[in-house]
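Input: a single structure, listed below in structure tokens.
Order of writing sets the chain letters: A, B and C. Residues in each chain are counted from 1.
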Amino acid sequence: MAFYADTIEFHTKGEVDIKDITNDVVGIVKESGLNNGIACVFTPSSTSAITTIEYEPGLLRDLPDALEKLFPKKARYEHEMRWHDGNGHSHVRASFMSPSLSIPFVDGNPVLGTWQQIVFVELDNKARNRKLLVHLVGE
Amino acid sequence: MAFYADTIEFHTKGEVDIKDITNDVVGIVKESGLNNGIACVFTPSSTSAITTIEYEPGLLRDLPDALEKLFPKKARYEHEMRWHDGNGHSHVRASFMSPSLSIPFVDGNPVLGTWQQIVFVELDNKARNRKLLVHLVGE
Amino acid sequence: MAFYADTIEFHTKGEVDIKDITNDVVGIVKESGLNNGIACVFTPSSTSAITTIEYEPGLLRDLPDALEKLFPKKARYEHEMRWHDGNGHSHVRASFMSPSLSIPFVDGNPVLGTWQQIVFVELDNKARNRKLLVHLVGE
């Protein structure tokens, strides 16, 4: 059993920028030399999320549309009343979507469905530099 | 410290078929011979999810009702405009609900609440064969 | 590689009581003596959730407001028709939000964003005693 850690860094364009980070995670599992285990992908942020999706242009519009319908940017947020940074909706969306995703890997590869990619979802209302953690445990 | 992996396979009836997989996960932890650790249950799919729920007939209707209210099947999805497979809502629901669940186990048993079962949620619009991964790390 | 486990116990005031458990998790990682790994925080319950949020008074109102808008307490729940315990909405909210959160730690500290705290969200309609599990794997 061993532990391995690395990070993924990139720039985002603000909301709702959805980044396909599958190849980054695949690369980190390969570099680790581990064959089988669990990979934890985490965004140390309260205005972004990690999930999986079929990364195709239709859904890259449907996911933001659903977020806007469920947590409208123009709704009243007490966060906005206090801090005036315009991202109350970003925080609420992030708490629902989760900053963390754990993915099994087998024979040196994360096991994903055919149409399933690992994505970072930028929920903040401005462009950001992001640094994700990828922690592996396995053998 | 050791690693152990197994899979769970079953057939679903299409949306929204909710399967109680608690006994499968309990069985895998027992077979592993591990006493204490973390179990990661993952669905390699972009149209299904893993969560927990009190598995009783009322909630087996309430969860689908909430999904339909929040992400209606008949809404417009760009995914549908491009691919015409009728499951745009399935993908968006799955990205919100998460394909992954990590559960602690103690003395050879997953630690769950009295009214808490581990469930697979089929969100796709057709019957599917599913194969979940269960990866354990512990001692 | 080693495994370490501890629990966090507290009392809640009922819905929607949001508890900042960051210091508890930080303390458990320190006591473990582990430097780098993954921490899994889990609530063994079908009416509560674990997530992260910026723990400030505005968002402590915005998150409950969003929950009420998306899963209204007064809506019809089949769970209520059968069990009459008044918490159908609590169960549905919990299944969406997830009972589990995995967080990487580095140099003996969970890695969180500047404005990101780990929180327990009480979704049940009454005051409860809660006991969370925190399971660590790492080195």
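The rule is short, and it goes like this: a residue touches a chain if its C-beta (ideal position, glycine included) is under 8 Å from a C-beta of that chain, and two chains touch if they have at least 3 such contacts.
Remember, it's a predicted structure, so these values are computed and weren't measured experimentally.
Q: Looking only at residue numbers at the subunit B/subunit C interface, is the share used by both copies over half or under half? Answer same or different.
A: different
Q: Given a C-alpha superposition of subunit A onto subunit B, how large is the rotation in degrees, taken in steps of 5?
A: 120
Q: On a C-alpha centroid basis, what's the spacing between subunit B and subunit C, in Å?
A: Centres of subunit B and subunit C (C-alpha means) sit 19 Å apart.
Q: Which subunit A residues reach two or more other chains?
A: 1, 38, 70, 96, 98, 102, 137
Q: For the complex, which residues does subunit C have touching subunit B?
A: Touch residues, subunit C against subunit B: 1-3, 5, 38, 40, 42-46, 70-71, 77-83, 88, 91-92, 94-96, 98-100, 102, 133, 135, 137.
Q: Can you check the complex and tell me which residues of subunit A touch subunit B?
A: 1, 36-38, 51-54, 56-59, 61-63, 65-66, 70, 96-98, 101-104, 106, 111-113, 115-117, 137-139
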